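Shown next, in structure tokens, is the structure this report addresses.
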Amino acid sequence: MNRLKVELAGLELSNPTMLASGMMGETGMSLVEAARNGAGAVVTKSVGMEPRTGYINPTLVEHDDYYINAMGLPNPGIADYGEEMASAIKGGVPIFGSIFAASVSDFAHLAGKMEDYGASAVELNLSCPHAKGYGMEMGIDPDIVANIVKEVKGSVSVPVFAKLTPNTHRLLDVAEAVQRADGDGIVAINTLKAIAISVEFRRPILSNVYGGLSGPAVKPIGLRAVYDLYDRVDIPIIGVGGVETWKDAMEYIMAGASAVQVGSAVGRHGLGVFGEICNGMDSYLEENGAEMMDLVGVAHERK
Amino acid sequence: MNRLKVELAGLELSNPTMLASGMMGETGMSLVEAARNGAGAVVTKSVGMEPRTGYINPTLVEHDDYYINAMGLPNPGIADYGEEMASAIKGGVPIFGSIFAASVSDFAHLAGKMEDYGASAVELNLSCPHAKGYGMEMGIDPDIVANIVKEVKGSVSVPVFAKLTPNTHRLLDVAEAVQRADGDGIVAINTLKAIAISVEFRRPILSNVYGGLSGPAVKPIGLRAVYDLYDRVDIPIIGVGGVETWKDAMEYIMAGASAVQVGSAVGRHGLGVFGEICNGMDSYLEENGAEMMDLVGVAHERK
Amino acid sequence: MNGNEVVTIKEVVPEGKGITTLRFELDRTARPGQFFMVWVPGVDEVPMSVSYTGRVKGITVREVGTATKALSGLKGGDMIGIRGPYGRGFAMPKGKFLVVGGGTGIAAVLPAVEMADDKDIVDVALGARNASEIIFEERAENASNHVHVSTDDGTRGFHGTVVAMVDDILKKHSYDQVIACGPEKMLYYLLEVCKKHGVESQMSLERFMKCGSGLCGSCVIDGKRVCADGPVFYGREISDMLEFSKAKRDEAGRLIKL
Amino acid sequence: MNGNEVVTIKEVVPEGKGITTLRFELDRTARPGQFFMVWVPGVDEVPMSVSYTGRVKGITVREVGTATKALSGLKGGDMIGIRGPYGRGFAMPKGKFLVVGGGTGIAAVLPAVEMADDKDIVDVALGARNASEIIFEERAENASNHVHVSTDDGTRGFHGTVVAMVDDILKKHSYDQVIACGPEKMLYYLLEVCKKHGVESQMSLERFMKCGSGLCGSCVIDGKRVCADGPVFYGREISDMLEFSKAKRDEAGRLIKL
């Protein structure tokens, strides 16, 4: 019996761990590697209409407990990405096609392409904190988000997830807008807008100045977002932010997530992290005679 | 010569380190201790109209790189706080009287009392993320904030600082409102809304469920706030969030802060942290033939 | 790393009337005189001195209210949350020393008796209201050749307060230091006795604690944080405290005269 | 801890035509085959192999474009930003091994020569286009009794490619392993030669790197991250790579045929 199995928006995952968007997902074969290492599903790099080279380096700041990144959404563009999807599919796990765009119609176009390429779901990146004109700037407005979701829903038949930003006090309003527009699920959180400064050089480190904070430092914020979302919306929630151990993952599940995505830990600990999280959760479930789905949101029962 | 000296809103600080609000500041003698240990100024615990006992324990979650706290604004109430201020003044450094209230007129009343008690400045807590009806809920609305600041300015002659929340995308709009309303300075940031969950007990750890994230984990967000504020407003900025070393402090200064507040580090490293930060900054200034005030905002020159 | 952790109770030992020891495994270094913040979910989180400092740690609880009642009712296999250990513990004195425990304070000082690995350099004085509240006497005897016991009602050992007994002991023997924990009133008189005999002391104080880690200020006495700057202070430091035995703070931080 | 740090250049050593070593103090452990991300503010941050692994570390830069030009122009006292070391380095082989360096690749393998503390268990083959690009020959001789040198134009040592020279060496001597770094084309032929002689190898690969720490995927070859799963791979792993010597990715992640 597979205790780890979860179901969300009609998709079945053999376990609730997913590779987060941006983690090596530029290439199809990396997604296959993640699946081989135990990820229950994988998310592609956020792909846009045209190829983008991203920002020049430095694009990453590393610290004991966090990263700050400003890659600048490098991606080969949706046309070339078909080839990557063709290899990615060999991973044998559901693929979430992550997309970003500056207009509603571009979102719809990209989503359609992802479905054509074989994506099991679409993830709308409405939350990148450092790319001008994309992501977060639209992701804080419930009406804009509702429009995008509605349009995308009209053009694909796979489930549509909206990835939201925590850089606002309106997260819950935006999530409600997603639900109203028939969105199938919420992914939270993307990174927090952050900077790093070099004292020696008296300047910001990232070439783009601004980047996104991720890793263990953001887990308490991600958990809060998921916990709040679980009270506010009925559609499934995927938790992201600082997941490194089985306990981190379980905290998200108990807060209300039906699955978790793993980003920074893939750099900090390697791809083995998927197997370790799954083994840990499996032992816990066995000892407690429980199945994964029983635990979704249990932390709400006692406050 | 004292290279560390800074001036903000007409106040002179012998060095730019301050004890942040909430750190032991319930009692006057703790503020004296902080001053003796080298703090250039001290901020009181946020004091309200009535005594408050705060939330029951657990009120704190501790982690390698952060705390999450939900003290619940315990404080003896403004009437009793006069006695604490009478002892606090023996510290010989400027005291910022931090206040919180649910109405504009209460803010004005509290501010007046703090001035009467001998505060050198007033700090408006518009940003506590976990106390219902106070703090953050009003601190995200530029108009409400402008009203509070205007009213308080009308009732005191000491400078008025507004402490803002990072839990919104409107931080800069709120800061502009403070400036428009003749506020004398901005303090940023307060804690980020967060939770912690116990897997074993399948429940949130804090009795209040929600708390505020502080410590090294939030430094990149605090720096971002200060960096942005420096571009947007002309009034002085005090940086708070994750300051533990002289380099952390200097990063805030270079991002645009005229002073920094130290909170969590007082628990993590003890009160000796003020002396260490000052010594480190002093060596740096000496080696570089600079004075503190020369470095405020220098990171903006090269992007 | 003092972070939040959950441990499983391995053993529950009744020590005396209303006094219970809970043992659990925790892989952290704890020094005599330090304390944990102990969480009983749905009830409270309260400070408890470390009564066993080895790998299998222990706390010893006297039932006085809601949280201590919940703790006293736990069984083997139950779980509690732990933060810490926090605070400045007892420093190992140079020379010969006398360890004094009053009531539940005995639990806090017993590990200090055991930190001496020579049964002749540490003497012990244990006092309580009556015989049923004298705990850890055997543990003390395993670590010291001279264990004195007193009870207020005379049901065991010296009849009178532990302070009176210590006064007698100090008349006959000389020590380089006294180490103590107990009710503040006891510590007040003990400090007087130590001063009279010219002996330096280390005493563990108690104040109302919320964060336990030096942040919130609720435990402050004369500007010092009992949780972080203490709970153990030297007698000379305590002598300078205006609030010692005179006042404490309530949960709102208001000064309450004692 | 691999976090961002700023170091001061202690020494600048010209090694050959357009090749410069920068030495700086950095208190981190680095193994042969690992690399740093090196930041020149206002210019770029690029991957550079560790060419000295001791406390005073070094990188050896060949000038090919903007960033490497900026690095080559630095003077003692200048500062650079450092992240890392990152990646899987060379594993110390069991038995006798041959270290092969081609061009700037010599800088990356020299520490691998020095990890053997017996001059007889490691032999060395260094190759470059011409004599002025042969670097670290003396360093190699200090660590090995057999150092072979080749140049494409015959201005020093064996006249021909380093791969041709290694083919000769492998005909006469047997090794348990070959360790190599150099241009991908060289590695391609070297791998063929190793296979022919039945010798296992470890080779350090290069791909376009942004994050350097296994996150962004820009350095991926056949699903493996060169920065984190490599840069050193075993010959048997490289043989399975469809993109090796055939294709690489540009900055947008597009596949470019080689």
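For reference, chains read A, B, C and D in written order, and residue numbers begin at 1 within each chain.
The definition used in the following text is that a residue touches a chain if its C-beta (ideal position, glycine included) is under 8 Å from a C-beta of that chain, and two chains touch if they have at least 3 such contacts.
All values reported here derive from a predicted model rather than from experimental measurement.
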Chains touching both chain A and chain B: none
Required minimum of steps from chain A to chain C, each step between chains that touch: 2
Between chain D and chain A, distance of the C-alpha-averaged centres to the nearest whole Å: 36
Mean-CA-position distance for chain D and chain C (Å): 61
Chain centre separation (chain B, chain D; CA means) in Å: 50
Contacts with 2+ other chains: residues of chain B: 61, 64, 196, 201, 203, 302
Residue list for chain C, restricted to those that touch at least two other chains: 41
Category of the chain touch graph - line, ring, star, complete, other: line
Pairs of chains, among all present, that meet the touch criterion: A-B, A-D, B-C
Residue ranges of chain A in contact with chain D within the complex: 22-33, 45, 51-54, 56-64, 67, 69, 71, 74-77, 80, 83, 196, 198, 200-201, 203, 205, 263-264, 266-267, 270
Chain A contact footprint on chain D (complex, rising order): 1-4, 6, 37, 39, 41, 44-46, 79, 81, 83, 210-218, 220, 222-225, 228, 249-255
Sites on chain A touched by chain B in the complex: 61, 64-66, 68, 136, 140, 167-170, 192-197, 199, 201-204, 209-210, 213, 216-218, 220-221, 223-224, 227, 247, 250-251, 254-255, 284, 295, 298-299, 301-303
